[in-house]
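Below is one structure. I have some questions about it.
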Amino acid sequence: MRPSGRLPSEMRTITIDTSFSHHAEGCALIRVGGTEVLCTASIENRVPPFLRGQGTGWVTAEYGMLPRATHSRGSREAAKGKQSGRTQEIQRLIGRSLRAVTDLKALGEMSITLDCDVLNADGGTRCASITGAWVALRLALGKLVASGALPHLPLLGQVAAVSCGLTETGAVLDLDYAEDSTAAADTNFVLTADRRIVEIQGTAEETPFTEDAFNELFTLARIGVSTLFDAQTAAVTRAENG
Amino acid sequence: MRPSGRLPSEMRTITIDTSFSHHAEGCALIRVGGTEVLCTASIENRVPPFLRGQGTGWVTAEYGMLPRATHSRGSREAAKGKQSGRTQEIQRLIGRSLRAVTDLKALGEMSITLDCDVLNADGGTRCASITGAWVALRLALGKLVASGALPHLPLLGQVAAVSCGLTETGAVLDLDYAEDSTAAADTNFVLTADRRIVEIQGTAEETPFTEDAFNELFTLARIGVSTLFDAQTAAVTRAENG
Amino acid sequence: MRPSGRLPSEMRTITIDTSFSHHAEGCALIRVGGTEVLCTASIENRVPPFLRGQGTGWVTAEYGMLPRATHSRGSREAAKGKQSGRTQEIQRLIGRSLRAVTDLKALGEMSITLDCDVLNADGGTRCASITGAWVALRLALGKLVASGALPHLPLLGQVAAVSCGLTETGAVLDLDYAEDSTAAADTNFVLTADRRIVEIQGTAEETPFTEDAFNELFTLARIGVSTLFDAQTAAVTRAENG
Amino acid sequence: MRPSGRLPSEMRTITIDTSFSHHAEGCALIRVGGTEVLCTASIENRVPPFLRGQGTGWVTAEYGMLPRATHSRGSREAAKGKQSGRTQEIQRLIGRSLRAVTDLKALGEMSITLDCDVLNADGGTRCASITGAWVALRLALGKLVASGALPHLPLLGQVAAVSCGLTETGAVLDLDYAEDSTAAADTNFVLTADRRIVEIQGTAEETPFTEDAFNELFTLARIGVSTLFDAQTAAVTRAENG
Amino acid sequence: MRPSGRLPSEMRTITIDTSFSHHAEGCALIRVGGTEVLCTASIENRVPPFLRGQGTGWVTAEYGMLPRATHSRGSREAAKGKQSGRTQEIQRLIGRSLRAVTDLKALGEMSITLDCDVLNADGGTRCASITGAWVALRLALGKLVASGALPHLPLLGQVAAVSCGLTETGAVLDLDYAEDSTAAADTNFVLTADRRIVEIQGTAEETPFTEDAFNELFTLARIGVSTLFDAQTAAVTRAENG
Amino acid sequence: MRPSGRLPSEMRTITIDTSFSHHAEGCALIRVGGTEVLCTASIENRVPPFLRGQGTGWVTAEYGMLPRATHSRGSREAAKGKQSGRTQEIQRLIGRSLRAVTDLKALGEMSITLDCDVLNADGGTRCASITGAWVALRLALGKLVASGALPHLPLLGQVAAVSCGLTETGAVLDLDYAEDSTAAADTNFVLTADRRIVEIQGTAEETPFTEDAFNELFTLARIGVSTLFDAQTAAVTRAENG
């Protein structure tokens, strides 16, 4: 029995609110159970130095967690004067995941920064960030098309992410904090709606696991992301037809 | 005529939601017009080194702004590796303001950290932070009393803050961003419910102003904070009797 | 009775030496009792990036304290690798105060940096810095006029600052360290010679105070700055007519 | 045809020298083709604060690259004042990988730090680091057993890592720099000698890939690590039997 | 002919004022021509961690330069967030020089920090710092003896420093800025009153020099420090005999 | 008797391997007894901002030590976020020493960075760095001549460095760690093959020493560098003549 009473292949409740941010070109306040991440997409008409003059765009991400998003207060990275290795690892993952489904050439010399800030944390914040960031990115790109700045959406696909892990009750989908902190292994799957792989990060901090176990986790992930793709699509539709 | 159509002595709409944070001992998501600040109070059973063994407590604050809380994206302080002078000035102000109404002796050897994170900005973020932080602090202290950790609330008063400024339409209450960025002078008043002064910060970046103008601003502030005290009281009542 | 034996409305002895720095375009070594601050004005023929090409100038300030300016040695900010929040707050205040009396348009695309370094501290260092910085700025601008670089002084007024506070002996003018460290409240007034307000910073770290008390402090401040204006004027006259 | 002329399932030449470091408790200078990493294991009789008094040990890793290990000189992280996100991500991966095969309880209150410094880089530096670090760790633990500090090796398994990728010539094993910088996707496999998974990091920076492609890469990785396990075993045997 | 009109073996005018600092246990405001350094000695009743419990004391130094001590304004190290390599090199030199003449065992578990802050710079600031720091140290130690905290002065000798260089007019003593910035080579000699060597730092940035030239510089340095020893002795005598 | 059994005027064994680095334009892996430093020279077609447009080149150096180059592990400077004062002092020394024998005008607008990374440390790392860096620089310049980028070697001389010190057994040449950590005084001599002085850094941390002792050390240094010049010449000849 999982701590939350969920079935092994059961996702937590998902909601996506696209109107929370007053200023961003695209926004998704995504809630996956008790995890809540504010994702905003900000468009700028310039690219980083290493891309200048190449006629190609850029998508990047930054990640943060409010100090009291967690059970006990964590220290504020701005006050400590540096981002932790974990933060940098997560924001690099979000950026790569979104770039993998963006047609940077078609975007042209623009940058889109995806800020993912965790307001409440209960496990799975990096996966919720990727899932929400895709919605924010999609909406920002939609505005560029609507305004005539781009002829069509420079998107190659739809991406979402979910974590699966090996816990005392076996392989389970969508770990919450109680599961995440005691799992023998957990794996984050970043997958596309056309069933391809963007990123897989499997980690056995405590006990190395078998290929069979890995395949079991992969099967659960396929189930989980299909729910996420539906939630993303519904959110975009509501926002644009709203 | 003010950009928002408000009267000179008219506050923006205020709402305070005390249930947003899942983990904090006290919380207030305060909205003052388009400004929205998440204030959380976190209790720790220890005090900073300079207070150890003195039987007295501590109240401190940290302030941050999400990169896209503003019209155009600002850089993330955690990524830049340091807090700006403005951020430090604001968080020092919030901390002093709350300490001025806390009975630190009665609190005993505990620390309360007030995190004020701006989710959406439209002027007056430091004032909204102080006003919301008082609610978060009050609720956290209430829990200490309810749990028997403290015999009574170690609070000396109720504090709220509002900014007033000299704009093209004269002295006005509760500046929004459009007014704040063009005002000849603006003043932040941190006042108590028993009509005393905790902090006054008046600044004439562009044109020094007269004592009469200052008194006019002070009168407006008195009007503004009375609305804020009511909103605070209602929020605490709802939260505790909820 | 004040610790120094002064009357409530009595300033400490003030001297301003304008020849201490060998290289600066303007200089004031200001002594207010046991507080001693070296203020220098440095002119550069460029403005910060956010002002380039706008035909306007800039005035900014930096503040520091020698490690042993105080009773016990403080740590060196350069060695710690960052300026404290207090330092940043003070240097921002000095900059704003001087900009408020400078005609930046008339200055043209030049920057003036006011460095205020405390050599000996006995309370009131930020006020002494502002008062001395005005002299250094005035002398530097005078040289620009003398050399023909500017047709006339781009100055809108004369500014000085003094702190007043509520101590055991009531409201007093020009707090020294013994008073400052025990005052229930203290307020820094940055005022102009034509009786206008540039900045007011009133703080009740310990006990909120009444509006009447505030007005009493303001009256004392008016008395104090008139002495400071005289000292500034005399120093400028001596330096230029030397 | 691969740039190096290798077959798709062909590893580069591997050598492991365990005598390079004069002072470390364990050492492996591992060469995988043109990639050369000095891995040292350093034992300390204390654990990080979060583990104190729990009777358990710790294994951690730090990673660096000499500025001119690469084709063109990179900047020195110590001079820049911070480690890049990439560096932090890699050293966290190395640490997790080695902890997954260490019995931290059996190690007792000791820390082992694995320093992996790249002297020459030609792709696959993180995989070479993990493979070499295991040898350094194994030798350091062997010394603790030999000296009687531990009754037996606190090791749960043997771990090695290899990268596989999708290039113009299809799925290939052990990417060198020429392949790594142009691959559509690459995956790092950290595997144990008993065929279990410690970490999998698959990334499609450019084009999401199919599950079939992933399985093909996994099969190549199995081939690659078997060669690495042999090289590790031979190096340990040589080092301990002289 | 030297730019200043001095003879090759002629020092600049030296004055040492021991009363400038209001709070330090020892103080010397040393002027060597246009170079002016405020040296303070601060006593603390503890030693750095690496010396704790060994019954020995410590002497260390920190060095700084006010931003406008120089012809054109330099940036403030506290604002930049780090001390330059030059600053660190100089403060390490000052610390070593003073430790070499202090009996750290006899000092007992106390630390003395020598802060050397350059108020006006015209070449030779590190030498003036050492010479002034010895006076500040000597006076601070004298107070420890006077108060009975120490039975006798824990000083092994008297140390002073001077720079000599090879300029267009040949070998010269006590370089000022005009000479220092164009000298082919310059050497700092830190010497004791009993004719021994504490430090020699000879540098040929532009042209390597001969051993004969070095000996010529050494001879000049002997002349220079004898003047400095006299100035130090006179300053100490005046300070202690009032 | 020296700890190593060497005669007072006996150098340790010296080897220089010029093929270790795969990518650098010039390289020397220098071993002086148990001290081992990898020196690489990297050429870039640009100069630092302060030299732009002046038709002159630049030579600079960076120094580092692997964390476990020493008996007990030192902390990694990149992880601590800053280079120590010692590191900065050493890399400034290396840079000055090499610039003193380079014709920067003849080099033209190019920069050469000498990276000196200590792989194993047993005393004398800064001297080994200078000696090795000269070989790396010489080989890099040789390639510029061979490729026709320069008409002739822009070198003014050959430079090498050695440390000498006063130990319990008297004045000795080429201190190893055991001697260096207990010497009463030590001096680093950076000398040219034509018997001139580039740098002398003599330090008496513990006991000031006499001029006679200094001359004795100088005589030993002359002996030492002649061996180093031979090793440098042989290494360059082998490298260029294959």
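For clarity, chains are labelled A, B, C, D, E and F in written order, and residue numbers in each chain start from 1.
In the analysis below, contacts are C-beta pairs under 8 Å (C-beta built on N, C-alpha and C of every residue); 3 or more make two chains touch, one makes a residue touch a chain.
As the structure is a prediction and not an experimental result, all values here were calculated from the model.
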Remark   = Under the touch definition above, the chains in contact with both chain D and chain F are none
Inquiry  = Angle of the rotation mapping chain A onto its copy chain F, from a C-alpha fit, rounded to a multiple of 5 degrees, please.
reply    = 120
Note = Computed over C-alpha atoms, the centroid farthest from that of chain D is that of chain C
Separation of mean Cα positions, chain D and chain C [Å, integer] = 59
Ask   = Roughly how far is chain B from chain E, going centre to centre by Cα mean, in whole Å?
value = 51
Request  = Determine the centre-to-centre distance between chain A and chain B, using the mean Cα coordinates as centres, and give it in whole Å.
outcome  = 32
Ask   = Which residues belonging to chain F are in contact with no fewer than two other chains?
value = 81-82
Query = When the cyclic arrangement of chains is written out from chain B toward chain C, what order is obtained?
reply = B, C, E, F, D, A
Message = Residue numbers of chain C touching chain B in their complex, please.
response = 82, 85-86, 88-89, 91-92, 96, 99-101, 157, 185, 187, 192, 194-211, 213-214, 218
Key: Residues of chain D defined as touching chain F within the complex   = 20-24, 34, 38, 40, 42, 44, 62, 64, 66-73, 76-79, 81-83, 87, 113, 115, 117, 119-120, 122
